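Each structure below appears as structure tokens.
First chain A sits with chain B, and in the next complex the same chain sits with chain C.
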Partner chain A sequence: MKKYLAFIPFFLFVVTVHLLTSWTDTLYYLTQMTMSAYYCLLIIGLCVVMGYAGQISLGHAGFFAIGGYISAALTTSNLIEYRDLPLVRLLDSMGMLMTGQDIYGDTLIVITPWMACLAAVILAILLAYLIGIPALKLKGHYLAMATLGFGIIIYRIVLATPYFGEADGIAEVPAFVLFGDISVSGDFSSRVSNYYIAWILLTLGMVLLINLIDSRVGRALRAIHGAEDAADSMGVDTTAYKLNVFVLSAVFAALAGVFMTHYNGSIGPSEAGVMKSVRYVAIVAVGGMAHLWGALIMGITLNFLSLRGVFGTYDDAVFGVILIFIMLFAPNGLLRINFRHVATQLLFFRRAGKKEA
Partner chain B sequence: MALLELDSVHKRFGGLKAVNDVSFAVEEKSIKAVIGPNGAGKTTLFNLIAGSLPSTSGSIVFNGQELNRRKPYQIAGLGIARTFQNIKMFNGMTALENVMVGRHVQSRAGFISSMFRLPRTWQEEKDIYTKAMGLLDFLEIGEYANMEATSLSFGQQRAVELARALALEPTLLLLDEPAAGLNIYETAEVGRLITKIRDLGITVLLVEHDMSLVMDISDEIVVLSFGEKIAEGLPVDIQNNSEVIKVYLGE
Partner chain C sequence: MTAELFIQYIFAGITYGAIYAIVAIGFNIIYNTTGIINFAQGEFVMLGGMISISLLEYMALPLAIVAAVLITMVIGALIEVVFIRWLERPSVLRMIIITIGISILIREVALHIWGESVRSLPYFIGDEITSVAILGARISPQVFWVLGTCTVMVLLLGLFFQATSIGREMRACAANRTAAILCGIDTKNMVTFSFVLSAALGALAGCVMSPITYSQYNIGTGLAIKGFTVAILGGLGSSGGAIIAGLLLGIIEAFSVSVLPLSFQEAVSIAILLLILFIRPHGLFGSKDAAGLKDF
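Moving on, here comes the complex of A and B:
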């Protein structure tokens, strides 16, 4: 049970933030905290791929965008003209459609968020297998290359497809009713409940991944990272494990995209950008790679600062600098920084400089 | 029928015949040693059996099943465990966790059941833990269970690696130079552990440089030189074989 102890300060933090913001009348901070939590859902998934399975994905923004865009597109495209088509009727009879009104008061018939979410996750799984199967058969950083290409393709597709709103993205995404009155939406009146929904979903994700790491599967993954050929000779099908953990993280990313889109009520192509993927990689690195809590803490902090606009127009540059800094001075993450290592690195630079001079 | 049968196995690296027409059989519940000077092809032969390298031609049959073209993890699944010449511990994992990885083929939990901690997974985890702990005790290193494996001494890491291989519950155990880097006392200790393992009913095939160890514990010995088998027999016969003496000591 020791591994769950860290959830206690975590819950205290979540509740404290809520209370502090409500006492100081700054509830608007909760909006960025909610969004940070959804980004973190993606980041902890990526953390398992990078830190525990030792693979790098530079395409997670692509999976996030698949989740967001599929969910946004399906829940906003009006099927009223097609309602007599057999397929639409079939969907209707299976309870997969819902009606609503657009801002002009016209009736909309759209696919329910649950179904859209399911479709998004299935598509993310299929695409992750499609990229992963050839890339992970090879040893080395082929997954990073393949996912980089994938991320760029997704970005260009959403930017150029009228169905996905081109540069404007998709707006007026309806609320995602989870059950009863509880729904994921950007409604101001439900800001507090949405804050807790996001953090509960994130907690759920954390529990699942912490369980995974401390299990037969997690040990196999860490063994692959530690000594791949030895893991192989212990009966671990290394290719299959690397592939499945990559697919799992793609699902986490897609779900993060789905929830974020319903929360914001919209999604734009910037979510699919390659720099977003680089940012996620930087955050996992700064959190200490094989360190779920580190990734979570850094994910919340950096995303919150970024969303508050603290980094200004240097936003992307900041994450690039963070990545360089971490690789040079704190390869075990900011939380486990070794100042002796930093000192030797600086010394090394000076010596290298002298040699050249 | 023997447990493991090699029939005219060849391995070529370009023009180099690393293993050339080697045939021998390993009887069940025996300790067989493969010896030979450096570069004789001993480790290559091991890698062929364990599936780390594909053989160029010939057949390797274990328990009636052809091993050639199978991947290492599939061969492990058939009941062949191995250790490495340069110990390969899993970085960042404790000694106990290293051994628990060895239970992989004996357990089933997948991604979903691991994430949701289903009851049978929970039971299985307890099982894995007990078995792994038992093996560490069997190899007399139980007290180091929760230390990071790479921080242990060389001899202790050898024992962890041995426990990890045994966790597979193998029928055949391949040991690649189990005494490499060990002093004379530790070597004797490893020899004692290996006979202890054989007494469990596990067949052992080992590659070794240390003659004292090999002569002490082996039931049978195969001698390789430049990839070819030059002798096979009981330790006494090998000690008196003129060709073996020539290869080791010169004329």
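Moving on, here comes the complex of A and C:
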């Protein structure tokens, strides 16, 4: 039960933020908190890949974009012209279609968000296997470049394909009705409920991952990170573990993309950009690599500040500086920083004598 | 496809290919002495072009280029001294992240200095419309400047590594670092030299390519990825392989335009990168067994 203790302050924080903002009449902060929570869903998934399995991925914005774009494209492309096609009829008879109206009042027939979400996740899983099976055989620089390449290809595709709206992205994405009256949407009236939806999803993700790393899988992953060859010779199927964790994190990223897109009502190519992937890596690094709560805390803090525009035009630069400084002075994360050690390093430019993590 | 168009594509291909080869050689120089891939390699090319364009206001073109190359060399040395020199046996993951951070930092500084505008140096001879006819195709003289400069750079580099004592010390450092230390070679200085050298290569390439390809604050990432593709394709660490692979990638990329829309050009070269990484990570010419021993 000890591992769940950290959820108590977590829930207190979530409720406190809501109460504070409603008392001080600053509920608009909840919008950024909601978005930060969705980004964090991706970040905690990446944290397991980087921190526990020890594999770098510079392509997670790509999976986020797959989730967001597939969901947005399917729930906005009008099938009314094709309604007599057998495939569309089949989808309709299975309850996978819904009707709506566009801004001009014309009738739309689109795929329901649930189905679009399912399609997005399935595509993310397929692509994660496709890219993961060969890529995870690579190490270090090669893996970094391969995942970076994957991210750029996704970015180039969404930027150059008319179906995905090219540079404009996709707007007018409908609300995602979860059940009853509860739906993921950017509607002002449902800001509070959306805030809780996002944080409940994040909590579910955390519970899943905390249990995962506390299990046989987690121990195997730590063994892989510590010494892959040793783990291999002890009978740990290193390839399968690395691959499955990578795919799981891709699913987290795709889901984050789906929910974020329905929440914002739109998605643009910048979500697939290389800088986004680098930013996620930076946040995991600041959080301490193998530290889910650290990644969560830093993810919320930095994304919230960034979304509030605190960093201004230096947004990307801030994350670059964070990357460099964390990796130079605190490779184990900001929360485990050894200030005396850093001070001596900075003052005398001593060489970092401690063993690498 | 007509013969003229074919030759036009070939020349466009080898022009870009020569640039990619130079970036790849820059990767190799640093990789050989340190075992790390400097993800900020493409930024040196960007800096060379941008600095020379800014300096052009105050001095003649050749002087501006020389000054830009020297300034970029200083920046390369600073990067090594400030960020890398004092780390003891850093892990590969840590070095990747640090050099990515450095490249972001350089790019953002460039954005704040030069803005988002696209600039270029003037053509070294004539202007945009000056051209030389070769077998019916019209080739800009600047293409020959690029090819000539790249050839001279590669030849001088070969001479440097074979004939000068610093060059030999750098090769010793690449071959066996511990043995080099035992022979009294200051390997730390060799690492700094390798950064200076690859900064110089990148900056000069950035200057000569600027009239044709233009310079902008964000060209570094694309060049770095293509340079890396070439370095892997030619076998990481091998300069000869890099040249062949560079020309190959440049030509493939040039011809991809005739099949796919221009906006997919980058996706094509990255797809090639992924294919190579997945099928032949030791490169077209490298040995699989030797690659297995390397610590990527």
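Quick note on the criterion: the second predicted complex is superposed on the first by the 341 of 357 C-alpha atoms of A that agree within 3 Å, B and C clash if a C-alpha of one lies under 4 Å from a C-alpha of the other, contacts with A are read in each partner's own complex, and residues count from 1 in each chain.
Rule of thumb we're sticking to: a residue touches a chain if its C-beta (ideal position, glycine included) is under 8 Å from a C-beta of that chain, and two chains touch if they have at least 3 such contacts.
In this text the structure is predicted, and so the values were computed from the model without any measurement.
J.: So, does A:220 touch the first partner chain B, the second partner chain C, both, or neither?
T.: After superposition on chain A, A:220 lies in contact with chain B alone.
J.: Which partner does A:244 reach: the first (chain B), the second (chain C), both, or neither?
T.: It touches chain B, and chain C stays clear.
J.: Looking at the overlay, does A:231 come into contact with chain B only (first), chain C only (second), both, or neither?
T.: The answer is first: A:231 touches chain B but not chain C.
J.: Of the two partners chain B and chain C, which one touches more residues belonging to chain A?
T.: Greater contact footprint in residues on chain A: C.
J.: So, A:149: does it touch chain B (first), chain C (second), both, or neither?
T.: A:149 contacts chain C only, not chain B.
J.: Which chain A residues are contacted by chain C in one complex and by chain B in the other?
T.: Shared contact residues on chain A (touching chain B in one complex, chain C in the other): none at all.
J.: Within their complex, state which residues of chain C touch chain A.
T.: It comes out as residues 36-37, 39, 83, 86-94, 96-98, 100-105, 107-109, 112, 221, 225, 228, 232, 261, 263-264, 266-267, 270-271, 273-274, 277-278, 281, 295-296.
J.: What residues on chain A touch chain B, complex-wise?
T.: These residues of chain A touch chain B: 208-209, 211-212, 215-220, 222-223, 225-227, 229-238, 244-245, 248, 290.
J.: Inside the complex, what are the residues of chain B that reach chain A?
T.: The touching residues are 50, 52, 71-73, 75-77, 81-82, 84, 88-93, 97-98, 100-105, 107-111, 114-117, 121, 124-125, 128, 164, 168.
J.: Where on chain A is chain C touching in the complex?
T.: So the residues of chain A in touch with chain C come to 54, 56, 58, 131, 134-135, 138-142, 144-146, 148-150, 152-153, 156-157, 159-160, 274-275, 278, 281-282, 285, 313-314, 316-317, 319-324, 327-328, 331, 345, 349-353, 356-357.
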